[in-house]
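Shared between the two complexes below is chain A, which pairs with chain B and chain C, respectively.
And then the complex of A and B:
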């Protein structure tokens, strides 16, 4: 259980499974339901445009996301890494930041097979290059 | 499925620090009451039949055990009266001594704690503790025995319905929206660096900690803390009370001891008269405590930190600042004087290091030793998520200087320092306030029934 007591809805796990196994969904955005008791899926997308993914991270509200990150490894062909994002911009309300930070563990633990994790507070930290740099380091 | 009654649980949040005790309702953004942790006490020899209770002034009577020893079990009982709260230690009383149960952020003496908590909850907040769940904060280096003792006091003496104890490092990281962060907390007496990873404090090897010396770094874990703020304070005090070519030694008499004074020009010897009637009854401990407050006030008003390393020329260009002491003595303090105080957080002069091998480590060294104890992979994450908190970090220029110092050694340093001073002073309290206000947090509280069934071990099991 997370440190806030917030739970994870079955939808999140189902959506993640289809991203992992189906290879069709590119990314999932997770958020908290309106009464802050459960983590739910906000959006599933098949778009391969990374900018579109960034546009789905709100400017002043935290979110979590899972992105099926694909990149070229030199001389070794294509690699896929499922990357977990904790998005918490500094301008978010403090209660939201607290809720998301203390509930993250619940979501993170129920998703098996995450290869990399990114904690981002501004768009430079989740930009394609910085994520690529981090993801490819361990490849 | 548990049915939550929304986010209103009317929980209390209690944050005990070295300089003050912060208490208030969960969900608020600042504590309702802030009372000094330091308490005053007066001793009288005649035994009294008065029951131990708190009266309206916040004075608490407390019978103390037979300290006299062999003399006899019934006779030599000393009656000790505690003076707590904003009208407690800061009011002058004949023969009143002061004491502080918290040293280096940890409660060392539990004897006065129930009285302090009772004052904070019943007098300052005017609430009945048996009706509210209570969340207490603790520093990362708190001992298991200590937190269990706290649970015991609250359950047994205050009858609270539910209890939780949470780490200030984690609360500060969460309040900044970070599951992983390096929390740099500059308190009144201790400066600490706490690596938090995925919501838990990194305690590798969990070396047992002991706290007698003034500076310590637990070499087994990433957790590092030191008495640096005390050194900064001592430096300021030394500078003010040592005569120099520019001015005589400054007397730090508190206003309670001054009968009257006349306005004087800057730098001129003060014209004041002491209250002769009070000098006799003034204890050393009270005088020292109040003089320390005068020094602190001076620091808070005029001291600063240069944002790029020490440089006399740069310090000089910061200009003079005027400050007046309770004696009426007032003067302009130069940029060099003002900034040399804050400089102690970052560098120590070679002479000082040579004369004192146990000097508390400066902040950058604390951070380095903390990082060195952590795994390579997470160091970068921590450096990118430094959370600066604690009232001591409000020194003008602190965050900029830390950024400059760290950028020299590491790449991709990002410091998160809330711009709102209240968020920094009460970071830990605020984090606790949000957490305890969550409806979903209900299931994590240790209830009174659970405490009665499982006893002390449940504290460690539930509050990781």
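And then the complex of A and C:
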């Protein structure tokens, strides 16, 4: 697999650790820094509103995100699954898409404990229902 | 965040010229087929309508079991499906491939256990089988051509009579069904054979315009009804629930009621004078309604005490609905279908039971678009390359030919009509062409406000033109769609434009800023056929070939209301009918209404 050689900033790991252990942060949006050399945290949010998370995924630029997905398993109470999103909309520039696709592994491998992975190219693929469907499978 | 299913306005039966169409009934319900759908409707309660779309191929006949719990429906490939009608989910009891050709008729036995299906095939023309296992219960033999009808004696000892194009009727003993004898009474195709509810007699009718009566147990011919005969092929016959009368529907456009005891004609109903008025099917419900089907698909409901005309006529589209529009009154809409017909319909809570015919000459081919003006006029375009105007309850006699195939229509200020055609866009006012635009791209959709006209093209772009009453002047190009622009709609205040395309994407544009507002309305997976805004401009509904309907929000573009599988075969039109009521029309010829609760 081709690798872009982009590094992961320490902030990303710290933010992820606090999401995983602190249970306060709901989601983190990651992006590349302006000169495309390092993966950085764009936003950390404590909002539990899924729509706000969707609003943070831009319409024409790729992103990565980690979302602490909480759902009710029928007859077995609440479940939490840390979900990794690769957001790569059709409308984004090809260079950006390439760069994000080849840098994804660097970020993904440095985060331990991800339970589910979602790839999205349009909003129907990251809608609450379709994510819930994927995440709750085998939960 | 939710919707509730409300009314369903069904299509009418499909008919074929020169062939008999079988209608089934059980208590007050009648059952018939159109396309892949099976429709069950209640004559006493218009709101009780169900459709079944489990068949992969076009359906031909459906009948409800005497028990009332199951329906058996068959299609052109010889497949019979038995499904539950007592519950909501229409669970499949069994699917059986019984013959190799089309099934023309099927019948349940009196115990709702066995089914005989007949039709066309390579090695056999009929099959008798158990409804739950599909295992054979005898054989249907003795015919040399396609079998048109089968009727089973409802009581033991069971008997089955089959009527065929080889001009014979074969009488079977059962069950298991065995060949008993061939009855050679008719001289031409035998179109229908029916047992009386008591099982004492059965009757047959045929293309030789003759009616014969037989003994139900022995199959002995009792005689012919010769009093004031039909003058054309008789397509169907049905018995009264009390066994005393017989009704026949014929291609001579008449329906006749006979007294079985005296073999005399009691009543003759004459329906119209055109090919469309030929009678091709009938059923007599247990609730004493006589239903006769016209070639046009109209269901004529007769009362045997009323002699001159049908007590009521139930109309509906016979082909898929290709375009529909809400009239400004909001309680009425117009629906155009693939055969060129346009019907008007008032929502049933406003008191209407059926569609109404528009007076005057309509389109001769597929209706490709209808648009309504604020004054209440409507304009329709068809693949007969005509623009027609609809005012009140009929077409205006004047008609304007279009220069090439029209694809989309929109109404602008003072009833100027913009028609997007294969080769250009025409502006037509009072049936006169006032302007013609011949752009480099191929236009595919059009929408208009007071001063602006938006034209979508096959080059995936939307162009805005200013309209001054005389000419169109290009003012901007909007990009963002991923396929041929297939639907355009301005919000009521004209500030936003929704553009749907053939890839299923909807792009929302801001007209003033000439930029994209959102591309988040992208949940459809196939061509967008129709877009409709609510009056407040906050929500927009979309209907697509992918069979789904979505309701989108301008304020919260990430929230939507999904109505999955809203129209089997694709949704071709969506329209709002007052506050929170959405109607969708589709390829199955049915219109469904939904009560929408918007997101808070």
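One rule holds in what follows: the second predicted complex is superposed on the first by the 137 of 139 C-alpha atoms of A that agree within 3 Å, B and C clash if a C-alpha of one lies under 4 Å from a C-alpha of the other, contacts with A are read in each partner's own complex, and residues count from 1 in each chain.
Heads up, the rule we're going with is that a residue touches a chain if its C-beta (ideal position, glycine included) is under 8 Å from a C-beta of that chain, and two chains touch if they have at least 3 such contacts.
No experiment lies behind these values; they were computed from the predicted model shown.
K.L.:
Following the overlay on chain A, give me a clash-or-fit verdict for chain B and chain C.
P.N.:
fit
K.L.:
Figure out whether A:90 sits in contact with chain B (first) or chain C (second), or with both, or with neither.
P.N.:
Both chain B and chain C are touched by A:90.
K.L.:
On the chain A superposition, what angle, as a multiple of 10 degrees, is formed at chain A by the C-alpha centres of chain B and chain C?
P.N.:
In the superposed model, the angle at chain A is 70 degrees.
K.L.:
Regarding the shared-chain residue A:123, is it in contact with chain B (first), chain C (second), both, or neither?
P.N.:
second
K.L.:
By the touch definition at the top of the document, which applies to A:54: first (chain B), second (chain C), both, or neither?
P.N.:
In the superposition, A:54 touches chain C alone.
K.L.:
For A:46, is the partner it touches chain B (first), chain C (second), both, or none of the two (neither)?
P.N.:
Neither partner.
K.L.:
Determine, for the superposed model, which of the two partners chain B and chain C contacts more residues of chain A.
P.N.:
If we count touched residues of chain A for both partners, the winner is B.
K.L.:
Figure out whether A:133 sits in contact with chain B (first) or chain C (second), or with both, or with neither.
P.N.:
Touch status of A:133: no partner.
K.L.:
So, A:62: does it touch chain B (first), chain C (second), both, or neither?
P.N.:
In the superposition, A:62 touches chain B alone.
K.L.:
Who does A:72 touch here: chain B (first), chain C (second), both, or neither?
P.N.:
Neither partner.
K.L.:
Would you give the minimum C-alpha distance from chain B to chain C, in Å, for the three-chain superposition?
P.N.:
8
K.L.:
Identify the overlap between the chain B-contacting and the chain C-contacting residues of chain A.
P.N.:
On chain A, the residues that contact chain B in one structure and chain C in the other are 89-90.
K.L.:
Under the definition above, what is the set of chain C residues touching chain A in their complex?
P.N.:
It is residues 480, 482, 505, 516, 518-520, 522-523, 525, 556, 558-559, 562 of chain C that touch chain A.
K.L.:
Chain C touches which residues of chain A in the complex?
P.N.:
Residues of chain A touching chain C: 51, 54-55, 59-60, 89-91, 122-124, 127, 129.
K.L.:
Can you check the complex and tell me which residues of chain A touch chain B?
P.N.:
Counting only chain A, the residues touching chain B are 1-7, 35-37, 62, 86, 88-90, 92, 94-102, 104-105, 108, 119, 121, 125.
K.L.:
Under the stated contact criterion, what part of chain B meets chain A in this complex?
P.N.:
4, 6-7, 29, 170, 173-180, 198-199, 381, 384-385, 414, 416, 423, 430-431, 434-435, 438-444
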